[in-house]
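The two complexes that follow have chain A in common; it is paired with chain B in the first and with chain C in the second.
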Partner chain A sequence: MSGYFADVATLARKDLLLELRGRDTLPAMLLFVSAALVIFHFALPSGTGELAGLGLLWVAIVFTALLGLSRVFVAEREQNVLDGLVLAPSDRSAIWFGKALAALAFLALAEVIALPLFALFFSGMDAATVAAVALADIGICAVGVFVAAMSIATRARELLLPVLFLPLAIPVIVGGVGASVTDSPGRYFAFLALYDALFATICWASFEYVVTE
Partner chain B sequence: MLLGTAIALIAFYAPLDEDGLNQKIFYFHVPIALTAYACFGWGAWKALLHLWKGRPGADLESYVSIHLGVIFAVMTLVTGSIWGRFRWGQWWLWSSKQLVLFLVLFLFYSAYFMLRFSVEPGPRRANLSAVYAIFGVVLIPISFLAIRLASDYIHPVAFDRHGPQMSGSQFLTFCVSLAAMLSLFAALYHLELAGKRIDAHLRELRELIG
Partner chain C sequence: MIRARGLAMRYGPKRIFDGLELDVERGGFVLVTGPNGAGKTTLLRLVAGLVAPTGGEIAVDATRAQLGFLAHEPLVYRELTPLENLDMYGRLYRVAERRERIGMLLERFDLWDARNERTSSFSHGMLQRLALCRVLLHEPELVLLDEPFAGLDSEGSELLDRELASRRGNATFLVATHEPERLAHLSTGSLAFA
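Take a look at the complex of A and B:
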């Protein structure tokens, strides 16, 4: 079992190292989310209220994540590394696990900038929203990496990722927005945790079928 | 096939003694919705059989079932919308949770077709479709829960929708209609499956000759 986690860590480190050297994904995500927040400022007429802003924050998070997820398997595809990874003598789900961890790191880093920026531009930020974002990130990355692996196997490639991902992300939006805007966020946290646990388990169990024939 | 149409005829005939026109669509709407769930469930079950046992043909059966499920889901949306029009005076209400759920499912399973037709036929496509179909049955209860939770902050006042209090004769009609819809599904399922299989055989033969 420790060998499994060593594989996962190696795969995640490889992605982080590639990003550190190439720097293509994270700057794009940061710029995207900042520009999106500015757009939201102009999209919300005055008097719309801070609740609308909190709702749009979740839109920004999901689309920023989508931007990062569309890059998750690009390096593997361009260099044809995926077949090598699949043939490597380790559990295939380790590929999903490592990729999801790397995607989670990117998304968290983007949010470290985006959330204070949102607090500055809009109506501040409470602990419940931050906690909900952290919980939602896990689900977004678990499902997103899985769907990204599906989409690179298709002819439409990146085009298919949002189409597959957004219906699956609707419950995350509900849990996140609910936790941000209501006074009793407890059950929304529970719902997000349920989503994370359930979908992470299915992704982990069925990833093998996505990368093999 | 004959059985399906026969029971469907009873379903057309039986509700005549009920009051109100909008009540009648209930006999179509709810059985169709339940049948759509059954389609998706059956499709996921076949998908599981494909991944687990590697049963040949399970992939095609799963696809046909989900295909019909989407058709039933569209019919649910249409009949539900008509029902909403007569009952509440609006074509679309975000507070009717079942309809919103079907909208989510419709989007999700439409993506299933995009996925399926974007991959070359073969084991890869079968695997991807099967995994996605299994995601669907997990998404149904999760989405249902999500929509229920969302209605708390989108509509703080719950919509006063007095549930269907069914009398004996209404319940009977409902059951017959449900049975009719399910057998309609079964009949269409076998029909489409047979068609697809003949198609596949024909293609094989053509390749043999050519």
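Take a look at the complex of A and C:
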């Protein structure tokens, strides 16, 4: 098992290094989420309640994640490296796991900017919302990387990713918004944790069939 | 090592080959020849397990850890250096004394001086040399080479000639090539696609 996690760490480190060199994804995510929050700030009429702002925060997070997920397999696709990873003797789910960890790191970094910005423009930020965002990120990245891997094999990959990912992200929005707006967010945390566990397990177990014929 | 019976491959309506029979003994060195589009690359990808046949059977007596595949593409990340690429593969293949082995291969394939340069700046020939380093890194028992001389200059080609000659008999080779005469002295058999 330690070998498996060593492979995951190797693959995740490679993706972080690629981003460090290329700086393709993270700056775009930071710019997008910042611009989206500024637009939402001016788009909402003054006097609009706090709840509307929290809803828009989740919209910004999901679409920022989608932006990052659209870049997850770009290096493998453009440079045809996926065959090299698939041929390696490591468990193929390690590819998914490593990519999901890297995507999670990029999304978390984007949120380090996004959440204080939201607090500045809107209604502050409570611990429940931060915890819900952290839980949601896991599910978003687990599912998103899986769907991104499915989409790279198709011609309409730019269309397929959002078409498949957004419906699967609806429970994350439900749980996240619920945890953000209620006084007792416990059941929404449980819902998000269940989503994370369920979908991460499904993606982990079935990733091999996505990258092989 | 490789046994195919009635092997067939189609991409949609296009038939690549049909009814292919192939036996490659352990330690064999088999050349695969034929015109472009005849199915040489497809056969190598079938043996590597990267695609599934549309008909027939294929059995390969090698695990992924024992397989080395030189594809048309070098299968390396262009934003990473040769050292970083080979280190990643070395870790995934659990190569013993990884750093020493990577250093030895980079020296042998004349890439040591470029070891810290991003491979995006590499010529086609340098990428091919790096791809050969990747293929040989874990000392595979089954080596699949698709046009191994493509992009190599005369020095690189001679280097590869020597490398293949030194490994002949220690591993099983299946080599798709347009230059069969170059490897004829190593060959134990051939498969010619029409």
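Assume the second predicted complex is superposed on the first by the 213 of 213 C-alpha atoms of A that agree within 3 Å, B and C clash if a C-alpha of one lies under 4 Å from a C-alpha of the other, contacts with A are read in each partner's own complex, and residues count from 1 in each chain.
Methods note: a residue touches a chain if its C-beta (ideal position, glycine included) is under 8 Å from a C-beta of that chain, and two chains touch if they have at least 3 such contacts.
As the structure is a computational prediction, the values presented were derived from the model and not from experiment.
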Key: When chain B and chain C are modelled together on chain A, clash or fit   = fit
Task = Considering only the touch criterion stated at the top, classify A:Ala197 as touching first (chain B), second (chain C), both, or neither.
result = neither
Ask   = After superposition on the shared chain, which partner residues are touched by A:Leu31: those of chain B (first), chain C (second), both, or neither?
value = neither
Query = Where does A:Ala108 make contact in the superposed view: on chain B (first), on chain C (second), on both, or on neither?
reply = neither
Key: First (chain B), second (chain C), both or neither touched by A:Ala156   = first
Inquiry  = Tell me the contact category for A:Ala43 with respect to chain B and chain C: first, second, both or neither.
reply    = neither
Ask   = Does chain C touch more residues of chain A than chain B does, or is it the other way round?
value = B
Request  = Please indicate which partner A:Leu168 is in contact with in the superposed arrangement: first for chain B, second for chain C, both, or neither.
outcome  = first
Key: Minimum distance between Cα atoms of chain B and chain C in the superposition (Å)   = 7
Inquiry  = Counting contacts the way the document defines them, which residues of chain A are shared by the two interfaces, the one with chain B and the one with chain C?
reply    = 212-213
Query = Which bits of chain A are touching chain B when the two form their complex?
reply = 150-151, 153-156, 160, 163-164, 166-168, 170-171, 174-175, 177-178, 181-182, 187-188, 191, 194-195, 198-199, 202, 206, 209-210, 212-213
Of all residues in chain C, those that touch chain A in their complex = 48-52, 63-65, 67, 69, 71, 73, 75-80, 84, 88-89, 91-94, 118, 134
Ask   = Which chain A residues qualify as touching chain C in the complex?
value = 3, 6-7, 10-11, 14, 17-18, 21-22, 75, 79-81, 83-90, 212-213
Remark   = Seen from chain B, its contact residues with chain A in the complex are 51, 104, 107-108, 111, 114-115, 118-120, 122-124, 127-128, 130-132, 134-135, 138-139, 142-143, 145-147, 149-150, 152-153
